[in-house]
Amino acid sequence: MTDNSLEYKAPTEIKSLDVISTYELEKEAEFVIPKGGYDYISGGSGDEFTLRQNTESFNHKGILPRVLADVENPETQTSILGHDIRAPFIMAPIAAHGLAHQTKEAGTARGVAEFGTIMSISAYSGAKFEEIEEGLNGAPRWFQLYMSKDDEINKDIVDEAKADGATAIILTADATLSGNREKDLRNKFVYPFGMPIVSRYLTGTGEKMSLNNIYAQSKQKISPKDVRFLADYSDLPIIIKGIQTAEDALAAIGVGASAIWVSNHGGRQLDGAPGSFDTLESISKAVAKRVPIIFDSGIRRGEHIFKAIASGADIVAIGRPALYGLALGGWKGVHSVFNYFEQDLIRVMQLAGTQTVDAIKHTQLFDMK
Amino acid sequence: MTDNSLEYKAPTEIKSLDVISTYELEKEAEFVIPKGGYDYISGGSGDEFTLRQNTESFNHKGILPRVLADVENPETQTSILGHDIRAPFIMAPIAAHGLAHQTKEAGTARGVAEFGTIMSISAYSGAKFEEIEEGLNGAPRWFQLYMSKDDEINKDIVDEAKADGATAIILTADATLSGNREKDLRNKFVYPFGMPIVSRYLTGTGEKMSLNNIYAQSKQKISPKDVRFLADYSDLPIIIKGIQTAEDALAAIGVGASAIWVSNHGGRQLDGAPGSFDTLESISKAVAKRVPIIFDSGIRRGEHIFKAIASGADIVAIGRPALYGLALGGWKGVHSVFNYFEQDLIRVMQLAGTQTVDAIKHTQLFDMK
Amino acid sequence: MTDNSLEYKAPTEIKSLDVISTYELEKEAEFVIPKGGYDYISGGSGDEFTLRQNTESFNHKGILPRVLADVENPETQTSILGHDIRAPFIMAPIAAHGLAHQTKEAGTARGVAEFGTIMSISAYSGAKFEEIEEGLNGAPRWFQLYMSKDDEINKDIVDEAKADGATAIILTADATLSGNREKDLRNKFVYPFGMPIVSRYLTGTGEKMSLNNIYAQSKQKISPKDVRFLADYSDLPIIIKGIQTAEDALAAIGVGASAIWVSNHGGRQLDGAPGSFDTLESISKAVAKRVPIIFDSGIRRGEHIFKAIASGADIVAIGRPALYGLALGGWKGVHSVFNYFEQDLIRVMQLAGTQTVDAIKHTQLFDMK
Amino acid sequence: MTDNSLEYKAPTEIKSLDVISTYELEKEAEFVIPKGGYDYISGGSGDEFTLRQNTESFNHKGILPRVLADVENPETQTSILGHDIRAPFIMAPIAAHGLAHQTKEAGTARGVAEFGTIMSISAYSGAKFEEIEEGLNGAPRWFQLYMSKDDEINKDIVDEAKADGATAIILTADATLSGNREKDLRNKFVYPFGMPIVSRYLTGTGEKMSLNNIYAQSKQKISPKDVRFLADYSDLPIIIKGIQTAEDALAAIGVGASAIWVSNHGGRQLDGAPGSFDTLESISKAVAKRVPIIFDSGIRRGEHIFKAIASGADIVAIGRPALYGLALGGWKGVHSVFNYFEQDLIRVMQLAGTQTVDAIKHTQLFDMK
């Protein structure tokens, strides 16, 4: 993989997918994404204990079917930070979609926009804002920031994101350093293309650079002051992503965060942590509806979306499954994946006797532990 | 499988079986039932987590052997809703027995009737009432209803079931939509024959239709009013099937249900739910003997029957194992399966020191969790 | 196996064994014992869930190493019902040792006697008392009784056992019917030889009879009256074997039992029961040292003996491992197995800082659940 | 292996290692260390239940990522018993490094010394003090003692260790007898070389002797008096190694121990014990900072070091991974392993939001059970 920038051939096919299971998508994606890229996308850190816990922890709570509930055609519409969205899930910020498909983030953006929800644009995007706009075509977007050590550069990046139309800034706070991604180390993985948004603070464009190298050039020493700085400078809602404790949620709200994003970065950062779902309930109790909660890490089924919302999330974010859809079918594949989640969630809502997203929030789960 | 109606060859053999284990029956049945039918019968929804939990959850409670108990020749006779039955188990309602054997529901009915317990006739039966009567030959039967969106049709169906001699109506309330049956989706499974009882409200007979399609034409919006309507119109006991919470049990009783059927539809509907057995004890405490409780989902051994009754069930229902018996031996196979459960239950009763079904109800199980 | 009486060739070799692990003995024994006999000896009932739990339940409690304990050369001697024995374990009663070795119970008896502990003679022995005496050569023995339905025959059997020198009667109370031994059913297993002690109440000698058949001819309806009868008639200590509840232990003591034998019959009777070890602590608390407690089911290591004694047993009994020793090396093999347990127990006692069997009883185990 | 002293060829290569995972090192080491030596080093006792628990028990507690923590370049320096060390881990005492590499303990010592932490020299070293000094080159060292039955010999050994510059005596108290090392028994493992330090109390040098044989010639009857004797005679801090209970920790402190070493000997002594990590928290609460706590058994990742310190350890000790490094790369391999642990710990500290070792101690772990 040392020279993978010379050889990296991302998939190019664009087609709708007949999604039966997102686990199958992962297996199929392994056949079309080059190994270095596939391992980067699918892998976690250390023993991948936390990666596995992310999905397994959903089995710690059970949904009880409710009957005679007078439910028909459940409604999935909801709203978040002023946006009305078609279903209670959005696209999570992920770096380097170009590993999965040659249309890069523009492909994902189009699938998300045509479905009717919010796109999160990563600071480690391989596409420029204007390229992504081709896919979004005016649809809502949030911008996820990895800060530079230099706040003047941060201002420039925020300015650019605002100019592009971002309606919120997601500050990723759990990745001030790369997790222990053993697969990437074994593959000697480097990005096969540059990252135009953050290249202004990198020595180089990002191309042929390792994740460790790029993270090291970003800001490690993130503190509540940075939240204040971003809120004041951007005048946009600031969402703090990577929260796993009630203490951090309250601290973030205390310095002006407009939303909390409960996540363990898809099991890619600190291994030996509980599944993200196992941390959600206590955080949501502490937050007590002062700000909305977005949840990710491990969502693979409609049941998972339901359980997260019943445990206090307002919406969830879809990560890897969308990228597998992108790899297998470009923007149409992404669209198919979002449709799948919607259909699966509707079925679960019907069988659980819940007519609306609000009704899910009032559902009591069964403790399986 | 697209043209499976042309090719579907259900087994035809009629013979007694030497049943050593119902798990073995399942393996053997896989060899004789065409794949689409076998997957439909044996499969569950989603990850099949709940399907597996249904049997595994019995291991959450242990039966303690009781000695010096002065027991000999335990007696399995009991009664339910006015019927004296030979043993505390009946036939569960299952759709489309014709997938397992060419004698369809008539085969099952004869095996059940010759054993001496109650047959449940599914609204999604592939046989007509008069065909099933050939097997039942006057033996007791309950009718399980999937409601039409049109109550006039529901009245017609209830009238027909009453005319056929049904002594109770089972309203299945947990299947207002098909569960996420991935195997059926992969197989593109459609029923190879029609469903005469509900065909009056289908566009088509049911033949070459998928489960999703058929459920969609049934009534989703089931509410307590439907229980009242059925009780008033039929003047028969109404049993609400698919109860997994104390709240729903009490609600059903409140609107006139004559019995509660605790079930998660054999793990075929909402995945990510606990094993049905894990929900039984709290429901039975809430019901507090106001109405009888029927239990299903996961019964494969005499121990399971014992544990369910010791946890509050009055009787249990046998589903898939009976259909495997039907596939392997027609009515004689069904008869063999029911005999097996009786013998296995008698053994467990003897070793647990319980002379009667009532004594089982007073047994304290050991908490294994 | 239908004609296995014609062909059954039990092992004949006599040699000392280098026992590293009793699990290995089981694997090695499988090569020398004919399949029907091996499955009969090693198998359990039903799913073999309880059989597995018997050994796995020892992992629910941990032994904590204790240091600076001033211990050297731990002493394993103890006494039970008036007998001084070399180590806190005896031979469990097992039927039909002739399945494992042509020297039958005489071989086991000699190994046990030369080691220096108590032999339990099963009523379902394939050898006569006088044959077993050749191995025992005056060493202590207890007699285990499966009662006849006819008390006059029971008196005769007890008379014979007393005449042979039995110093206690073990009444097996948990096997009034055969457990669900699926392996035996598949093998159509029948005993290849008769059972001279109980043949007086069988139709036939036991030869070519199944376990079900033999149990059916024994007494099912065992009650406290039988304990009284045996105690009064025999004037020997009566030990009730197969106790798994505090209630039954107290009931047995109330009608004159001189000792309680906590056992689930090695997982051969009621499946779906907890591991025998998991039931021990609460029983021993209820018994409160009024009578001694013997424990079996799952003992494979010195750690297991230690944990059982620390949980309230006075001694334990060794079953299958001794029969594997018999199969592999005749009386010398049995002797090797008993020596192995002694050495392993001494090591555990040293590392746990316990000088005597009494010190083990005062050890607090660590709760691993 | 009977003649393994004639044939034993330990590895000789000296090179730096690219350590991605210590689990991989173990697999790679299996290819270069002769089987008898590899099994001796890597194996545990009995079922290896406790060996597995040692690493698995770390999953009973989760580290929660902490964000906005204002952390950059975490500092790993700490001090223990008067020594400033580069990171909160030292080399554990292990016998017979010559099994892993021909440079024996001198190789390990150099790797440890160049990294900048403390070497523990085992009484069962295959190298003499002066040979080890060649590697240590003045770096700090502690001496681990297996006592002779003869205190005059113990005095001589202590005198020699002091003369060599040992600044503390580690009294191993949990190995007064060999654990049940089945692999060694199967391999008929004997040491291929002598043990010069303890050879003064052995009949023979240790060469061609089994572990059982050597332990048997050491002192079994260790008591609090021995702690007093060593403290008084040596005038050095005495560390009691092998503590698994609060009671023993308090007893050791009561007779003059200067530190407690929580360990179960890497799962090599008493099997059926909990993972060492599972015992740490209650011990550290009882010790209440009166003396420092050293922890070992199961450390394979930075997360494990973090969790042990967060549960009350002041430092941890590295055992097998260092020996695998030695086998694969001599002193440079050991150095690589220590560097790996430092880097991995720094990453975990950053992601957990902890700037210093002291901050780790104030971290609250998440209960995963």
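Order as written gives the chain letters A, B, C and D; numbering starts at 1 within each chain.
In the analysis below, a contact is a pair of C-beta atoms (placed from the backbone, for glycine too) under 8 Å apart; a residue touches a chain by one contact, two chains touch by 3 or more.
A quick note: this is a predicted structure, and the numbers were derived from the prediction, not measured.
> Looking at chain A with chain B, do both copies bring the same residues to the contact (over half shared) or different ones?
different
> Can you work out the whole-Å distance between the CA centroids of chain A and chain C?
60
> Averaging only over C-alpha atoms, locate the centres of chain A and chain D and give their separation in whole Å.
From the centre of chain A to the centre of chain D is 42 Å.
> Give the residues of chain D that touch two or more other chains, as numbers and ranges in rising order.
Chain D, residues with two or more chain partners: not present.
> Which category does the touching pattern between chains fall into here: line, ring, star, complete, or other?
Its topology is that of a ring.
> Touching pairs of chains, which are they?
All chain pairs meeting the touch criterion are A-B, A-D, B-C, C-D.
> Which part of chain C faces chain D closely enough to touch in the complex?
Counting only chain C, the residues touching chain D are 20-21, 58-59, 62-73, 301-304, 307, 344, 347-348, 350-352, 366, 368.
> So in the complex, the part of chain A that touches chain D is made up of which residues?
Per the touch definition, chain A meets chain D at residues 46-47, 49-50, 173-174, 176-180, 182, 185-186, 220-224, 226-227, 240, 242-245, 247-248, 251-252, 255, 264, 269-274, 278-279.
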